[in-house]
Amino acid sequence: MNKIFQEDIRRFLREDAPGGDLTSAAVFTPEQRGGARFVSRQEMIVAGMEKVAAQVFLFLEPDCEVSGLSDGKRVMAGDVLLEVKGTVANLLLAERLALNLVQRLCGIATLTNRFVELVKGLPVKIVDTRKTTPGLRSLEKYAVRVGGGHNHRFSLTDGILVKDNHIAACGSIAEAVKKIKNFVPHTLRIEVETETLDQVEECLAAGVDIIMLDNMEPEMMTKAVKLINGRAIVEASGGITLKNVRAVAQCGVDIISLGCLTHSAPACDISMII
Amino acid sequence: MNKIFQEDIRRFLREDAPGGDLTSAAVFTPEQRGGARFVSRQEMIVAGMEKVAAQVFLFLEPDCEVSGLSDGKRVMAGDVLLEVKGTVANLLLAERLALNLVQRLCGIATLTNRFVELVKGLPVKIVDTRKTTPGLRSLEKYAVRVGGGHNHRFSLTDGILVKDNHIAACGSIAEAVKKIKNFVPHTLRIEVETETLDQVEECLAAGVDIIMLDNMEPEMMTKAVKLINGRAIVEASGGITLKNVRAVAQCGVDIISLGCLTHSAPACDISMII
Amino acid sequence: MNKIFQEDIRRFLREDAPGGDLTSAAVFTPEQRGGARFVSRQEMIVAGMEKVAAQVFLFLEPDCEVSGLSDGKRVMAGDVLLEVKGTVANLLLAERLALNLVQRLCGIATLTNRFVELVKGLPVKIVDTRKTTPGLRSLEKYAVRVGGGHNHRFSLTDGILVKDNHIAACGSIAEAVKKIKNFVPHTLRIEVETETLDQVEECLAAGVDIIMLDNMEPEMMTKAVKLINGRAIVEASGGITLKNVRAVAQCGVDIISLGCLTHSAPACDISMII
Amino acid sequence: MNKIFQEDIRRFLREDAPGGDLTSAAVFTPEQRGGARFVSRQEMIVAGMEKVAAQVFLFLEPDCEVSGLSDGKRVMAGDVLLEVKGTVANLLLAERLALNLVQRLCGIATLTNRFVELVKGLPVKIVDTRKTTPGLRSLEKYAVRVGGGHNHRFSLTDGILVKDNHIAACGSIAEAVKKIKNFVPHTLRIEVETETLDQVEECLAAGVDIIMLDNMEPEMMTKAVKLINGRAIVEASGGITLKNVRAVAQCGVDIISLGCLTHSAPACDISMII
Amino acid sequence: MNKIFQEDIRRFLREDAPGGDLTSAAVFTPEQRGGARFVSRQEMIVAGMEKVAAQVFLFLEPDCEVSGLSDGKRVMAGDVLLEVKGTVANLLLAERLALNLVQRLCGIATLTNRFVELVKGLPVKIVDTRKTTPGLRSLEKYAVRVGGGHNHRFSLTDGILVKDNHIAACGSIAEAVKKIKNFVPHTLRIEVETETLDQVEECLAAGVDIIMLDNMEPEMMTKAVKLINGRAIVEASGGITLKNVRAVAQCGVDIISLGCLTHSAPACDISMII
Amino acid sequence: MNKIFQEDIRRFLREDAPGGDLTSAAVFTPEQRGGARFVSRQEMIVAGMEKVAAQVFLFLEPDCEVSGLSDGKRVMAGDVLLEVKGTVANLLLAERLALNLVQRLCGIATLTNRFVELVKGLPVKIVDTRKTTPGLRSLEKYAVRVGGGHNHRFSLTDGILVKDNHIAACGSIAEAVKKIKNFVPHTLRIEVETETLDQVEECLAAGVDIIMLDNMEPEMMTKAVKLINGRAIVEASGGITLKNVRAVAQCGVDIISLGCLTHSAPACDISMII
């Protein structure tokens, strides 16, 4: 959340206090200063203390003192995640937004990390999807990386994913791929979604760069990986959970993409103590 | 997501396609039309089909035909939630944003409804908190209402919640309440957070409108409710889950507030079929 | 006008100088420095020198030296309100916007204070309305507080005011109040507009929190206050001026709301001298 | 308030209802329709019914039926200014913003017109200044024109006004004018502020296009006009009120500029009846 | 310039008419209607008539009638490019912005097309760079495609280009590529900038996907292409002009990237006739 | 590009890195610092180093050290234009935007200066038009001034240019001028476009301030200048190039306006070296 995204902080704060914080305005003088700590209430992977939470405090009070744990660190319940000294009114005004952001980011990093740990030792990457919170994609994709995962495309502009509708419109995978290759930047690989081994073969014949195996059973997936045999990057997608992720990884795929990393990670429990 | 919030749709679409949808641009002509359906993949409470998802399609294509299920309806896996006819390129461009929004909103409505069902028959309201996604508060609070819940304050400007820091700064609950009463709009009730019965008594003496029982054990909560005896609205908060919510409700509180409704509701599973 | 509202300063400056200040650009070098003073040309209550005017100068030149009188002080013609040292080109660029803002805010604070003085000694609060300048509501409501007044609701989201249309749609006050109580946050009091004593009685029966006496004659108002007898907060509204405000207050109402505080306060006369 | 300024309507509505209109949401169904009228409560010059108020209703409900009186018409108390049919919830949501805007605009047009009437028959124009409400300059300058007045420059970019600081920085009026003529667009006239007849002579010698007579007594003003004798446009400014405006006009000046038109016009009294 | 980018039209119009079009306001009634034509004054490739220019007219007047030539068509001096019927005031308000945009876009498409024609018959693509006009990248990249060219990456987020600084920071090309491969989305190819044949070899050893030959002489380029021998996509960049582009293409490269397409294309000459 | 325009920098950077700079993120640590230089690759007039390029670096890193050559200086290939020290990741993130801006601005200043040099010694000003890049008008008009040129009107709000459509709508030049004089601010001169000597005479009779000779041959232009004989400012426009500009100037016109200064100036060649 560098300077480019500071505008978002402003918008979010305005949402949370369109006419200011009335309770604090009634009680505190503008000079009253204090210190606050973010304390973890559970085991988690830390994400966003310095890059996000601290920026909210600094936005409101550029000369407040604030420091936080490094991204990617594993902490336990009771650990201090961030310390900040500033005006009490500002600390309380920043509190909820900063927490709302990092509780989500730590939640994503922590869930990502559980998947990463489960496939440890296997040559596979855990990646996210476009199933992110509208308005927070950059931050959420950052949290996935903090958790040890990798990013899939950031938007419809920077990745090519050919689905059944595209194929239907062109008549065949070969035709679709040809049309797309002739159109899109040479800097982008072309990925095609498949559901059958026949489609996988069509992809190989068409020179597809990445083959997505969508919602396939492990058995079929293993066959597909053998068929592809290194001629394309293989991505597994659909129906993958903490329970079956290792089995999927053992099919030999290169990439496992998971919407749940960003759309269903429960928030981590963090509280601020003044 | 009425016209006031249309600007958000624009921003979210720009996030998802800063330079357009390259795959579709390569494959479809601008004239190619088609129809799409949102289909439920699980039991859920519907939220946002007409008010949110449809608006994304209409934003891109004001004359597309779109209709969706009413908010609050309970559906099963396989039910059709929304139907839309328009340009294929627009359908695919709108798809992810519309789904990202309603999967979250249905998730919130569905989780809220589970809590509401669990306290059925008891004179208590399930309410949300300010622990919402930055940038999406209005929508998420709407989803809580769809699920049968109610809203707590929308922001720091429209509700008064006196916490320990405010009390400490004033010396006593009585003094804090006096200061605040003298300052804030007469249209707002004054709520004070308490952790002990002594604090509850102080609140009653100070004429507090709403007393929050924060993280109290059921036993103490029951005592507090008796002590208050209708002289203030009683809100229970902290550590409340699907497992203990009915027990908490049976303590006689008027309001149960739950951060998890908005910060940890898993997304509902919905897919778009063209 | 803290950091959250800095964006407004930018927009306002752009309105006043979309392509810069041509006169200054022709005459001054960027290095030329000077000092300026805001001088009062009339008796007034000061509002916004530090919080608003100074922020305009600081926005353009973060290291300029600026200090102003405290909000709420009463000054006479000739008094210095603010002093600033900086680049002459910036002083002149900021001048008009800073003056336009504080002349209005001082005007509001001064008019509010006249009303407050007129009801001195009576247990009544002078409050504003939503009749504020579009885009400046937070600032104007701040100026009302500076003048010794209090704020009514900030927006349609943070206060409940039931008018005749709402009542008509529900059939009766009792029915409207029931519907609304069941819907709105428990943190908000419910206010109903009344024009007759019968309506006041209906309100009391329905458990309304705040009863607005709209455009009532003093006699009827006195009767209404007696009828209510402390069972609800009483707000007088409509047709109240400097001439009759004390008479209204003497009817025993708790709150007097005045649109003129913000929509018709004449600007105070302040000039900048370099 | 054409399409370019529609963004302002959105911003203003968001200020007035960041989370929606809770009272209406509790009471009305989205389908409930009704009609509303703006009714004048005083004699006034109408401004902004079609161009501003109607646009607020149309913004929220593009297919509502709305029509208003023409700008510039004089009306009496009780006259209907605007009629609109639409969703009741939208009518009430638009009401306050639409009224806040047109009450101000009618106020400006009405006050401007009083000045214009007072100088009737004399070859002089009543013009505004940059002392407008931040964020509303275009609208307010429009209202001045509706009232029969004319506009001074819109911003620091589109008019040249040389004040004492500019002159001091250059050493003399002649030098300042030379520097500025050499710099600014040839499309702009050069105006210089004067307080003495000597300065007026200097201006004439320097070939100034417009000479402002700032805060001069009628006698001196008359002398100045004679001295100038048609060689420059003459603008009177400072300390001009409804009481002395005709006397000032009779001095023979071409232009009378008045900050009060925009900074101190009392709002006109208009109400909406459903 | 679909709905997502409509906000840009608003901003651009506000730049060109912050307080409206004064000349037209003085002369035309709002009802006066007329027709206008964009006429080409030179041979050119048409770009943006329907997608950009027409959108400016439609933004101001949603029900104006407007139709334009298809993108990519070659026209001669005197050809009609676009016809529009609407309010005269709107036609003139839209004129300059619409022309400023399409004169630039046609200029880019026309210059791109000259390069494309010059390499006709050779298996090479002409592509753009990030050297676009700030704020107009999407439109300019669209114009390149209209002219028969292709797009390089849209931003720093959607393409990987390893330059000497990155290599220096890592110690070697191999190390840099390893680090990057391990970090970036699998959907992106990795491109490395080279200036010597040694570097080309290092790239091949490191498994680089795209090798940029930066500012190489034709001879060296030919050697590089042979060395690479299909094992990577080859992009030529730097110092390429209309004069030498065919010679560069004949070296056997796959891609020729040209900053001049967007940063130095002269505007096409188009005028609007009412 | 002072603080008012900082918002543009943010928008432009977001365009160039919506999800950050992936290559740098993979390679550099946030602490790695370095120095960079902008080096000229051709003879040019410097424009925007301190006021524009430096601001991009400062936006991303307020405490970076940066200094650049003064605007208006003539430099040769190889000269250093700007030096900056900061975080390597920020230097590379700012590079392209800063270069895209100053390459354009230097291009405009350099082309303007060529025209200015060609008319040296003659009493004529070279001025720009509204044919600027949408979104960059202020900056481009600034570059024209840096190159020794002057500015025509900034927008439709701050200059009056009467064209044939306006005349046709009014019946005659005299009538159009009368209408406009009666409407527009007295601070603006009135300019009329003419194509024949008859029209020039009509303008003189109507008391027009500026007469534009549109696309006239030198002979006719000379006649027009004689006819006008100092009674109006004379502006030549249309079809003027580096080749014929001196001949046009020798006709005796006061102003030569040139769209090409801003719509077709080739970018100057500048590169950044770390």
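By letter and in written order, the chains are A, B, C, D, E and F; residue numbering begins at 1 in each of them.
One rule holds for everything that comes next: a residue touches a chain if its C-beta (ideal position, glycine included) is under 8 Å from a C-beta of that chain, and two chains touch if they have at least 3 such contacts.
These numbers were taken from a predicted model, which means no experiment stands behind them.
Under the contact definition stated at the top, the chains bordering both chain D and chain F are A, B, C, E.
Annotation: the chain E:chain F pair of sequence copies touches via predominantly the same residues, more than half of the used numbers being shared. In this assembly, the chain whose C-alpha centre lies farthest from chain E is C. Two chain pairs, D-E and B-F, are compared here, and D-E has more C-beta pairs in contact (counted per touch definition above). Chain B and chain E have centres, each the mean of its CA atoms, that are 44 Å apart. Chain B has its Cα centroid 22 Å from the Cα centroid of chain A. Mean C-alpha position of chain A lies 31 Å from that of chain E. The multi-chain contact residues of chain A, meaning those touching 2 or more other chains, are 7, 15, 17-20, 137, 154-155, 157-158, 160, 183-185, 188.
The residues of chain A lying in touch with chain D in their complex are 15, 18. Interface residues of chain A facing chain C in the complex, by the touch rule stated above, are 7, 10, 13-14, 17-20, 59-60. Residues 125, 127, 145, 150-155, 157-160, 183-189, 191, 210, 233, 235, 254-255 of chain A are the ones touching chain E in the complex. Against chain C, in their complex, chain D makes its touches with residues 8, 11-12, 15-28, 32, 34, 88, 92-93, 96-97, 99-101, 103-104, 107, 130-137, 155-158, 160-162, 165-166, 169-170, 176, 179-180, 182-185, 188, 259-260, 263-264, 266-267, 274. Taken together, the chain C residues at the contact with chain A in this complex read 2-4, 6-7, 137-138, 141, 154-155.
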